[in-house]
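In the part that follows, the structures are each spelled out as structure tokens.
Each of the two complexes below includes chain A, the first together with chain B, the second together with chain C.
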Partner chain A sequence: MRIKISKDFSSTPGPRFIREGDFSAELFRKELLLPAITKAIKDNVVLTVDVDGTAGYGKSFFEESFGGLIRDEGLAYDGIIKHLEVISEEESIHKEKIYYHLKNAHDAGQK
Partner chain B sequence: MKKYLTEAKYKKYNKRRAERSLRARLRPEGAGRPSPYGPPRLDDHDRAVIRHYSNYRRLLAPESFTLLRNTNAVVAFINSLKNCFENKQKVFVGLRHIREIDYDALIVLVSALVRFKAMNIRFAGDFPKEGRSSQVLRQSGFLDIINGNETFADTDEYEINPEQKHVISTHGQKVVRADLTAKLIENAAQTVWGEKRRCQGIQTALIEMMMNTFAHADPMMEKGKHWWLSINHSDTEKLVRFSFVDYGVGIFKSLESKGPGNKWYGAIPRMFEKYRYGNNAKLLDLILQGELHRTVTGDYFRGQGLPGIRECFEAGWLKNLHIISNDVHADVGKEDFVHLRQSFSGTFYYFELDADCKSYDLIDEN
Partner chain C sequence: MTQVKSKRPRIRALEIAFGILFLFTGFFAGLFTNYHLNFKFQFRDTIEPAAFLSTLCTVILAFIVGIIWNRRQYAENSSKEILVKRLEEMQEFSADFSVRAGGDSFFWTDATSGIKRLRTGLSSVGRLADEIHLSLENAFRLEVDAKIEKLDDLITNTPAFWPAGKPSPVTVTNNKIIFSKERGLEVAMAFEDLRHSITAFELAINRA
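Right, the complex of A and B next:
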């Protein structure tokens, strides 16, 4: 399974929340990421998310879309980590931040 | 009879006083030495303006009309304009005498003009007849709007000169428009590199600016204020200048206004307790370094908003970053944080894109 954000969602990802503008992280999570990762966990396959090729991301995009899987959608951290692969060759920091936000949301939920 | 009408010394005094008064009345207007104490003498044009626009508030723009280099004077001018706008006062803007104008100040004029027109408040002015200042005003579309019959509705979106690449385009919006900024950046790259490219850090910085306006500019509500983005393309310098402004409450006032339940509530006292900074200039420096974000959230990434914008600058996506908000002007590259005498109600950003900045090829996913 594979999602390329620039092709499957938008080449111009936008703000954090739907109310703030088009192609938000919240929309991406609800419409693409959540159904895909849920299916990947259920089918026990890996979901590859390719974040390259866009015009650029707001700083909260990955926190809301990936961190929100745990915080807002109630998915388990271990299940996501086991079934997620992130491709970020243009800016490697994106990949680092996605895993950081997942861990952060998990840790915050534990408190 | 009273002494001052009869006694010689009073008669002499009254005679000299009357003669002086007559001489003054007969003197041609504008002649003689200008008073070192009062306002400058008015010329024929000024007197005609005052007669014709008698019920307008007359505001003179600073001779050096550049927000980055003459910050206090231009901020005072912006505050006067804002005051007129809030009081629905007709305004006459005097620009005829300006010696220099920079692109960073244009956004102030264009956005003010559109806002006045949209609210049906009369806005008039005079302009330099020739020279670079006249050319810059013409390129921005300002003269066409002020001299023409174009009307603006009170709406969420404004476009001024949107298709005039290589000149100056200005865009006013209330929500985050990543699609619009991506397109503007591609066009900017065309000027700099001769081809459309992706400048992801500029896109990130602009998204942060737009989100800040959306969420923080108006303490009473989200989406309460417009943001304005003006872009100037210089073919000869292979340089594009970006000026972004909102007329909200500004960074520090916004932080102070956060109430209980908000993530940033009490952030300023906590920062003061931790860093004992002297004034807002130092506080802005700390905010840009991510210290506010770290103090409030404990997060080791610098985070969103202002630190994120600085991160884009440090990563080489953009150049010559300036931020002006409330009583601070930050020249981020020079690490020069200046406390202003005049407080600007709003937040202004300026930065540039040139061939040394980082960029990626444009990918056509179709």
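Right, the complex of A and C next:
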């Protein structure tokens, strides 16, 4: 399974919430990421998310979309980590950030 | 604009030193072949073929080595000029970006694409420096990178939760970013810091 954000969602990803503007992280999570990762976990396959090819991301985009999987959608951290692969060649920092936000949301939920 | 320091004066000084050395060598060789002057040490007045060929080979070799060395110096200087030019472009872009961030219509995509352009620009300079084996302290590159991160944080890190009744430092409405007065000042300072770090990086490339 594969999601290429620039092709499947938007080449200009937007702000955090739907109410803030177009192509938000919340919209991405609800319409693409959540159904895809849920299916990947259920089918025990890996979901590859390719974040390259866009005009750029805001810091809150990955926090809301990936961190929100745990914080707002109630998915388990271990299940996501086991079934997620991130491709980020253009800005390698995005890959680190995505795993950081997942861990952070998991740790915050533990408290 | 910062200019790349030229190594030509150093090469010219070497050329002059070699010229003086050869002049003195010729002068003393002339003296020691004038036998009527009766110096204690004198050159033979016949040319020994082996010694002559050996000298000729040394001179040709020195000439070839000189040419190769000059070419390498030229290539290195050109590469440095390209790197400095890329950083100059980053400087100009960050100045323009700063004006847009301080304006009334600063859109989300302007912010994210601007940050990406700065980040990929820096990454490209780093790769080029590695490719030409430029001995640069990594600290300069890391500092610029840290300043871009800070800017990104100030501009696009909108809070997930914010206490009701308290003004948020950054809000987004209809894809447009609005900073609080304090955050606006912080952003302006962060741009200044970034430009300062880019200048330090340029100077480090010049010194390398």
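Everything below uses one rule, namely that the second predicted complex is superposed on the first by the 111 of 111 C-alpha atoms of A that agree within 3 Å, B and C clash if a C-alpha of one lies under 4 Å from a C-alpha of the other, contacts with A are read in each partner's own complex, and residues count from 1 in each chain.
To be clear about the criterion, contacts are C-beta pairs under 8 Å (C-beta built on N, C-alpha and C of every residue); 3 or more make two chains touch, one makes a residue touch a chain.
Model, not experiment: these values are computed from the prediction.
Residue contacts after overlaying the shared chain place A:Gly21 against chain B and chain C alike.
By the document's definition of touching, of the two partners only chain B reaches A:Lys7; chain C does not.
The larger set of touched chain A residues comes from B, when the choice is between chain B and chain C.
By the touch criterion defined above, A:Glu64 reaches chain C but does not reach chain B.
When the two structures are aligned on the shared chain, A:Lys97 is found in touch with chain B, with no touch to chain C.
Shared-chain residue A:Ser88: touches no atom of chain B or chain C.
Legend: residue contacts after superposition of the two complexes on their common chain; A:Thr48 is shown touching neither chain B nor chain C.
By the touch criterion defined above, A:Thr38 reaches neither chain B nor chain C.
Residues 12-16, 20-22, 55-60, 63, 90-91 of chain A lie in contact with chain B in one complex and with chain C in the other. Chain A makes touch with chain C in their complex at residues 12-17, 20-22, 55-61, 63-64, 67, 71, 90-91, 93. In the complex of the two chains, the chain C residues touching chain A come out as 108-109, 111-117, 119-120, 123, 149, 152-153, 155-160, 171-176.
Residues 4, 6-7, 10-16, 19-24, 53-60, 63, 90-91, 97, 100, 104 of chain A are the ones that touch chain B when the two sit in their complex. For chain B in complex with chain A, the residues that touch the partner chain are 175-179, 181-182, 185, 198-204, 207-208, 210-211, 214-215, 222, 299, 301, 303-305, 308, 360, 363, 365.
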